[in-house]
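To keep things simple, chains are lettered A, B and C as they appear, and every chain counts its residues starting from 1.
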Amino acid sequence: MHTQVFVDDPVKIGQNFAGKHIISIRQFDPQSLEILFHKTSTIKRCLQNGEQGEALAGKVITLLFFEPSSRTFSSFSAAIKRLGGQTIEYQNPMQTSSAIKGETLEDTVRVFEGYSDGIVMRHFEEGAPARAAKALSRIPIMNAGDGSGEHPTQALLDMFTLYEKFGRLDHLKGVIAGDLLYGRTVHSLLKGLSFYPGNTFYLLSPKELRLPRELFEEYTKARVTLVEIEKETDIPTDCQVWYWTRVQKERLADPSTYEVLKNRFIVTKKLLKEKGNADMIIMHPLPRVGEIDPAIDTDPRAYYLTHEVPNGMYVRMALLSLVFGK
Amino acid sequence: MHTQVFVDDPVKIGQNFAGKHIISIRQFDPQSLEILFHKTSTIKRCLQNGEQGEALAGKVITLLFFEPSSRTFSSFSAAIKRLGGQTIEYQNPMQTSSAIKGETLEDTVRVFEGYSDGIVMRHFEEGAPARAAKALSRIPIMNAGDGSGEHPTQALLDMFTLYEKFGRLDHLKGVIAGDLLYGRTVHSLLKGLSFYPGNTFYLLSPKELRLPRELFEEYTKARVTLVEIEKETDIPTDCQVWYWTRVQKERLADPSTYEVLKNRFIVTKKLLKEKGNADMIIMHPLPRVGEIDPAIDTDPRAYYLTHEVPNGMYVRMALLSLVFGK
Amino acid sequence: MHTQVFVDDPVKIGQNFAGKHIISIRQFDPQSLEILFHKTSTIKRCLQNGEQGEALAGKVITLLFFEPSSRTFSSFSAAIKRLGGQTIEYQNPMQTSSAIKGETLEDTVRVFEGYSDGIVMRHFEEGAPARAAKALSRIPIMNAGDGSGEHPTQALLDMFTLYEKFGRLDHLKGVIAGDLLYGRTVHSLLKGLSFYPGNTFYLLSPKELRLPRELFEEYTKARVTLVEIEKETDIPTDCQVWYWTRVQKERLADPSTYEVLKNRFIVTKKLLKEKGNADMIIMHPLPRVGEIDPAIDTDPRAYYLTHEVPNGMYVRMALLSLVFGK
């Protein structure tokens, strides 16, 4: 397998995923997304019909997670195994591995390069997967979330979920609520949707957690219309999607702020009745800690547990298959 | 696979295990146990002849362990893999997963429902697996021990070990010693043996760790004769089984009590000579910390390491195969 | 599979690896090493040609690691899986398993004997794997590092790397630098090289971390010429190998000593220019924390990341295959 070294200007994927580092949603475009989502739909259909994947048979992929994660870790682990692959699993290596002996990130990933056919990395530092990519010469790395940087596979599963429901990724209207400052899933999602024309998003967040100005300007300069709103009553009633997020206690410098900011905006039956519509869907990257009333869970529009979670595995299967597969 | 939602009155298994939550030994009866033990014997024979299982080929099962465990965790992990299945493994998720971000148990298990074909759960809270079962709609869950509640697969392996040795589960006579108050393995075992007529057990424990009154009455009302004794000299010499247990330091409110209570009753060569007989067996759910003198280990009647441990894997293979298998 | 019980005088391997405990490099000799390295070369060639191993198909091997490790753990895990085997993985069982409930090492390994076909053990106590071997009756155990005792598979990968490069293990000349007191990899390597005639090693270490006298005498009485040197200028320019090691903070009684001792001797471009030669190789058991300047990494003589790491997996595959395979 030939790997292209990742540089600061990330390599575009275009039509060819094989052997490429997947660091940022910025590497994708409508063409590569079409290939990925077509593959995802095929894999989903096959799996639901009980057919097993073999794309990673004989492959060993390292899951190198420097930060707690349950759904991303498990989703990747299940995805690899359902494709016939095997894993080397590392969680919290700061506690269990050579990292505590003072080894550099570069040395660590080069060691795993000696044992495995690919790396999936979660790290608490923004840019760590890109740094790791530069140290690798033989195998590709996939970013599974880097600090308050990016979380590309989350954006991909969100986009696939929208695509599967509405048949398009352009001319969508939605609300994005919660932590828009540190929320890397929001940043990656908005970037991804900026590849398509006609999208409009209402941004609902506490003032302290607004979308950073430079990102606001970047997405706007692309093709997304962004409208910052301050209260639930400003939500338009014709949205296709409500995308809610959690205020991430672990990223706030001052923990006391958390109690003030958390759950400022909550999806309730009442709000859904006042501002929702029949054809919309409700999304959340999970975990949630109160932002969506559990009474909503049985509503057919609640997509976070029933659609996003399994789609996360399917889209990762497709990506793994295209990047690491034979 | 169709799953029956688990309710407070647990679904009886009867002749059909497929897709059912396994929460309590109370779901079993002599008929279902006969099916299970027949399957266990077959699997054991096949494996010892070097034949591999395929019942879980293509399946991914989540091991979700909220509490330290080595033998139950490893036994399930080995059982799944020896049936051709794969695992997602979670130990101590309070330290490594979304649980620390404040996610509810219900959300956590629903997420794993999106990735896997079944869940095996150990939890420190009694009732957690039953709560989780109610949150699931598509896949079954198996209780691998819930606080001081139940540990059904331990009871099943104990019963299989007795069944394999004596060819029956009725009209047995035995001693059960140690922590009968918090010992969930004892509670599940006595419940299981209460399905059969003519069983008599002598209960040997410190006063502080006696069998709870309501359980004593429940088992007695069923078909088990229970006799509380206070010292080793009260042990009858014609028992089929001595079932010894550890005083569980981690469940005692007052740790100072532990030093007083631990190892009140110990199986020694001397005791075995005075009160044992040639055809009996010695059992222990393990780990032990002094309740059985290691000098006993090479005695052919010592079944805890040589028979119970491997039987634990075989009976779990049979159960996994019947519940999750094709 | 028949297992020979390991005793204080470890069982020699000779021509037959099957079912033997692998505790010490002392069990090997030139004949067994020739068999092992021939197997390693074959496996390496097959894997690089994309052929999959099947030697451990249907086998479950327990990785029981009582001490942090990343490369040894991952290397064994990958090796087992690339041979078609499965693993039960235990890291830091003091925190997650029955060990915290007070179980003895003997009971712990006997439990894993009930579930798996072999054990690979790392332990913080010297002699623990040998103790464990005595408790086992059915399956073999492999030492993956025991305190400041031995690390036989590290020595084997080091020797294979030398053998692959120079086509021989006799009449080699080299420097071994760093922590020669606690460095178990150094001890195992020197022992291994003492099986062959004509080897000469210059030992470069702080006075506080010199090779223990009894080992110095043992290797000298065998066939290794050892020369203690005190500074880089004493390095002869015609070495085949520079073997550098890390000062292990975690083994020093007094942590303040660490700051004084670490990085006393560093491989730099300057040193390599002054004392190196074109045909030599640079080795390190890793992790490194400054003993080798990263600027050296791209030098073709730098073998630690490019050759030793993958060879670690290949030699373990060969050993696992010979010991546990069909």
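Structural remarks
Convention: a residue touches a chain if its C-beta (ideal position, glycine included) is under 8 Å from a C-beta of that chain, and two chains touch if they have at least 3 such contacts.
All figures in this text were calculated on a predicted structure; none of them were measured in a lab.
As for how the two copies chain A and chain C face one another, under half of their interface residue numbers coincide. Relative orientation of chain A and chain B, expressed as the C-alpha superposition rotation angle, is 120° to the nearest 5. For the pair chain A and chain C, the distance between mean C-alpha positions equals 40 Å.
Annotation for chain A: residues touching 2 or more other chains are 89. Per the touch definition, chain C reaches chain B in the complex via residues 57-58, 60, 62, 86, 88-90, 93, 95-104, 106-108, 110-116.
On the chain C side of its complex with chain A, the touching residues are 50, 52, 68-71, 73-75, 77-78, 81-82, 89, 91-92, 246, 248-250, 286-290, 294, 305, 309-310, 312-313.
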